[in-house]
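Below is one structure; the comments refer to it alone.
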Amino acid sequence: MWIYEKKLEHPVKISCPDVAFAKLVITQYGGPDGELSASLRYLNQRYSMPFDNAKALLTDIGTEELAHMEMIAALVYKLTEGACPEDYQAAGWGGQYVQHDNGLFWTDANGIPWSAKYIAALGDPITDLVEDMAAEQKARATYEHLIQMTSDPCVKDMLRFLWEREVVHFQRFGEMLNTVQDWQAQKQHLWCGHRPPEEETEED
Amino acid sequence: MWIYEKKLEHPVKISCPDVAFAKLVITQYGGPDGELSASLRYLNQRYSMPFDNAKALLTDIGTEELAHMEMIAALVYKLTEGACPEDYQAAGWGGQYVQHDNGLFWTDANGIPWSAKYIAALGDPITDLVEDMAAEQKARATYEHLIQMTSDPCVKDMLRFLWEREVVHFQRFGEMLNTVQDWQAQKQHLWCGHRPPEEETEED
Amino acid sequence: MWIYEKKLEHPVKISCPDVAFAKLVITQYGGPDGELSASLRYLNQRYSMPFDNAKALLTDIGTEELAHMEMIAALVYKLTEGACPEDYQAAGWGGQYVQHDNGLFWTDANGIPWSAKYIAALGDPITDLVEDMAAEQKARATYEHLIQMTSDPCVKDMLRFLWEREVVHFQRFGEMLNTVQDWQAQKQHLWCGHRPPEEETEED
Amino acid sequence: MWIYEKKLEHPVKISCPDVAFAKLVITQYGGPDGELSASLRYLNQRYSMPFDNAKALLTDIGTEELAHMEMIAALVYKLTEGACPEDYQAAGWGGQYVQHDNGLFWTDANGIPWSAKYIAALGDPITDLVEDMAAEQKARATYEHLIQMTSDPCVKDMLRFLWEREVVHFQRFGEMLNTVQDWQAQKQHLWCGHRPPEEETEED
Amino acid sequence: MWIYEKKLEHPVKISCPDVAFAKLVITQYGGPDGELSASLRYLNQRYSMPFDNAKALLTDIGTEELAHMEMIAALVYKLTEGACPEDYQAAGWGGQYVQHDNGLFWTDANGIPWSAKYIAALGDPITDLVEDMAAEQKARATYEHLIQMTSDPCVKDMLRFLWEREVVHFQRFGEMLNTVQDWQAQKQHLWCGHRPPEEETEED
Amino acid sequence: MWIYEKKLEHPVKISCPDVAFAKLVITQYGGPDGELSASLRYLNQRYSMPFDNAKALLTDIGTEELAHMEMIAALVYKLTEGACPEDYQAAGWGGQYVQHDNGLFWTDANGIPWSAKYIAALGDPITDLVEDMAAEQKARATYEHLIQMTSDPCVKDMLRFLWEREVVHFQRFGEMLNTVQDWQAQKQHLWCGHRPPEEETEED
């Protein structure tokens, strides 16, 4: 279970509201490679990891991504604070105002609602960790695109913080992939997971 | 941000594995009226609530629903523990095994991946609280259907615990709806939200 | 069955075409909280209501929402009447022209096609009526947002008419909820629906 | 607008409940080629038809498809009348019971919620009428498959009635396609629709 | 199987980059009536055609549509070549840049990801061929809309080439429909497909 | 463009029809980690690769995946050859028969239509290649699950062939990832792609 602590993982500051950028950055809230995708992918996969360290890593990063999701939510709220309907319309985001007022919603930058089709869980630790590494790369690239599209130094700073965290997560998933591969090489008889298909027909 | 505490909100016990019931109960994990829907609905709405108590209520219940989601995950893992491919096939859930092995995924009982289209946020506190009350009713009814479909007393107990929490949440959202309505009646000039449409043309 | 009567429930007039507003108001045609959602939600639920008054209410309101859907369609056609491709492009709605010409389609303001994931039916009369009350609130809030985003007094008038109907429907669903709750309290032994889960294990 | 008349277009009788067949026939309620698809396709397209006869045809058939949708709803309710959770489970439709009780929902035979992605409207009368002819063929084929999958003569009768209506609609759309093509050949200068692309560059 | 030949079916030239038009024309890449829809519809249906000519026609056209899809991809790449983030933003396509950089994605002009819900396969040759004729009409109409929305003569030329191919495919599907209907009339006893439903009950 | 060669990449043989297994293996046709996903992912990404070898690799593998998709189609057709409606119903796949007869459709094992939400393209060569490696792992794991669920040695053989191809593709994408990383390290000034975000503010 989770305990909510009433603070953000990292402060969220902006120089001035910018509805047009809010429309873009929301993809990291509810888009294919955003923080919700990350959190739900990792928290879901942890049960099928073969040992405790791996489960713990997925729990830790999955929980941190929840905090990142909250930072992006705070960012979008600040970027749209005090915005009137005309501001949304001018930013090409009138549909957001009509459908959600100043509220948020789990969509990408085109307004597509989040779907679990964006993420995967194969129940195979090697596969799931490579999937997680790809997820971190996709989040990293998206943050790079976003950093290019704002000129607000406060926003750039905060997005760089999140960018750095994705790079760290990528490395940690890479290390765990090595650990799991070593463990599989050494202890395969104790693990009840998949064997190479060549061996399968003999036993089942 | 959230801190993970390594325990479940309530113990999850089963009498014996039951893949066929796992196929049904997964709707409370990733189905339209399940715990993910609940948590993401409330955590997303809290920013547009007009005062701190209301924000806190949505944060609290949203966080508790994360814990319920984890309980359902634990339940599904226990119900499928040690199940072999044939068990999945016999339960009409072979597709789950092929696509996710013994892992979980955010789907309903038919395998439909979770979609944010299931939930809503209108940015209007009255609307969002009535939506939340409906959500609790839908979760309650789903738990009643599930309780009817298992004969395992341990599982029934755990589902009843979750059923009770939905009833409590329904009441708490109902009380907050009253509070917000009173607040709107008394302090409408201070609140920057929507006015009755009759008054709108004068000012904009 | 339904008989088509060749008139609108309420006249639809506009002062002048406005493609940009058409792009927004289409969410009440095919968006999550629009008239199609309302109509299909109620018409679908009526069979599982426990007595005739409740069935009739859902049929009546579901049928009226079909008429509202037609009014919104007429509004969108008038707002786009005579518009050329450049007008669509200038309104940020070029994709609509390319994909549907001057025709309509069942989408929200971002072009997302309508999905039954937006609506619910739990087969439980209490739940379904609370869901319906939430639906009316969501439609009400959306009309308020739209009224803010047009300056055409004819369009405002027509949207206010629809807004008022949602308020009336909300009240009628609320009254029916009371009626069903009274009926359940008095006649629970005659009704074959769900009992409180505490009583269930004894009998099944 | 529509007036509801409290009778079915054609009587719906069954010999005995059959949950397994209800699970299949529901595709004509909320599946890709079902009655909802038909009705919403035609009612949406009518505004962009070039003359009144064509608009009226789409209104008439679209309204009749609403009545067919209601017949399918009545059929599914009768096929599941009195069914208990175990009956749903035995029919491989336990998810339906858990998520909707004895209620209906707009899905196909796999539980996929209805989506407007199933239908089309290009705003071009020739295109839309050919699309409508294809829709009638798809509904016809689906009814043939369903007739093969039930042995209940009452159900076969009712499905044959609907099958025949699809054949009639196909013919009527075909006749209207001829009419529109003739009209376009004779009156092309009066019609503001698309010209052959070869002529376009001169004028725009 | 397919062999890739490193050339386009028809040259793709543009006068100058035009991100705003790229945003529209992408619907022919990943939109409901685009080239991916066409190719996947035909390649999927060919197995259930009753004789070799029909299978071959679907294979040929399905393979050609792959080549058209590649031409559209090349067109979008050229239209966006050298575009910077600001160019995307100015064209109302900032979300594309953020989510895909200068890469492509299978979406319509609103950013909706491609879905197999757009296409159909009923396993009945008559039905599938009428569906295919409708598909060609829809693609034709979409090309007409696009030709209206660009003033670049090179782009118009290329789109006219594709437009003409759709017209040819429509005719070829129409001819095959006649062939299949004749074949069914003459050889119905040899074909194991559907019979008229009147005859069905006797035999099953 | 592509040339169709009328043979399969590898022969497809089965010992006897098996509708229940066809229902599972179809996920490699139209499911999240199937051959269509693979092909469309790679063919779409190739344009944003920074040099010709990388483009060619994606074209080659994307084209080979088309051939694998065709092998899976052939397998499903053979597994269902001669199956009557009752066989589909007995295999829990009655909905497939009703909606598609003996035809195929682009779905996963639960009947969910294919969606481009399953795949990604970030326009960043490192990201896209890691994504592709994850895709190959997911396909590999799915083939392992399928191999476990059939006892037909011919089918196992064919699936092992496809399994092996995924492993080879994984290695080839891994090698290309190294090549691209080396190239980026040596030639970063010549490449117009993303720079580390630390350097960005100076220049834009």
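All chains are identified by letter, namely A, B, C, D, E and F, in their written order; residue positions are counted from 1 within each chain.
In this text, contacts are C-beta pairs under 8 Å (C-beta built on N, C-alpha and C of every residue); 3 or more make two chains touch, one makes a residue touch a chain.
Here the structure is a predicted model, which is why all the values come from computation and not from measurement.
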Set of chains adjacent to chain B and to chain C: A, D
Selected interface, D-E versus A-C, where C-beta contact pairs are more numerous: D-E
Repeat of interface B-C, chosen from E-F, B-F or A-F - more than half of residue-number contact pairs shared: A-F
Mean-CA-position distance for chain E and chain A (Å): 34
Cα-centroid distance, chain B relative to chain E, in whole angstrom: 41
Geometric centre distance via CA averages, chain D-chain C, whole Å: 21
Residues within chain D bordering two or more other chains: 32-33, 92, 99, 101, 107, 110-113, 115, 117, 122-124, 141-142, 148, 194
Every chain pair in contact, whichever chains are involved: A-B, A-C, A-E, A-F, B-C, B-D, B-F, C-D, C-E, D-E, D-F, E-F
Complex interface listing, chain B residues touching chain D: 20, 23-24, 27, 31-33, 92, 108-112, 141-142, 145-146, 148-149
Chain E-touching residues of chain F, taken from the complex the two chains share: 1-5, 7-9, 30, 36, 40, 43-45, 47-48, 59-60, 63, 66-67, 70, 73, 77, 99-107, 113-117, 119, 121-124, 128, 194
Chain E - residues contacting chain A, complex: 85, 89, 92, 94-95, 97-99, 101, 107, 110-113
Contact footprint of chain C on chain B as seen in their complex: 32-33, 115, 117-118, 120, 122-124, 126-127, 130-131, 133-134, 137-138, 140-144, 147-148, 151, 153, 156, 159-160, 163, 194, 197-198, 200-201, 204
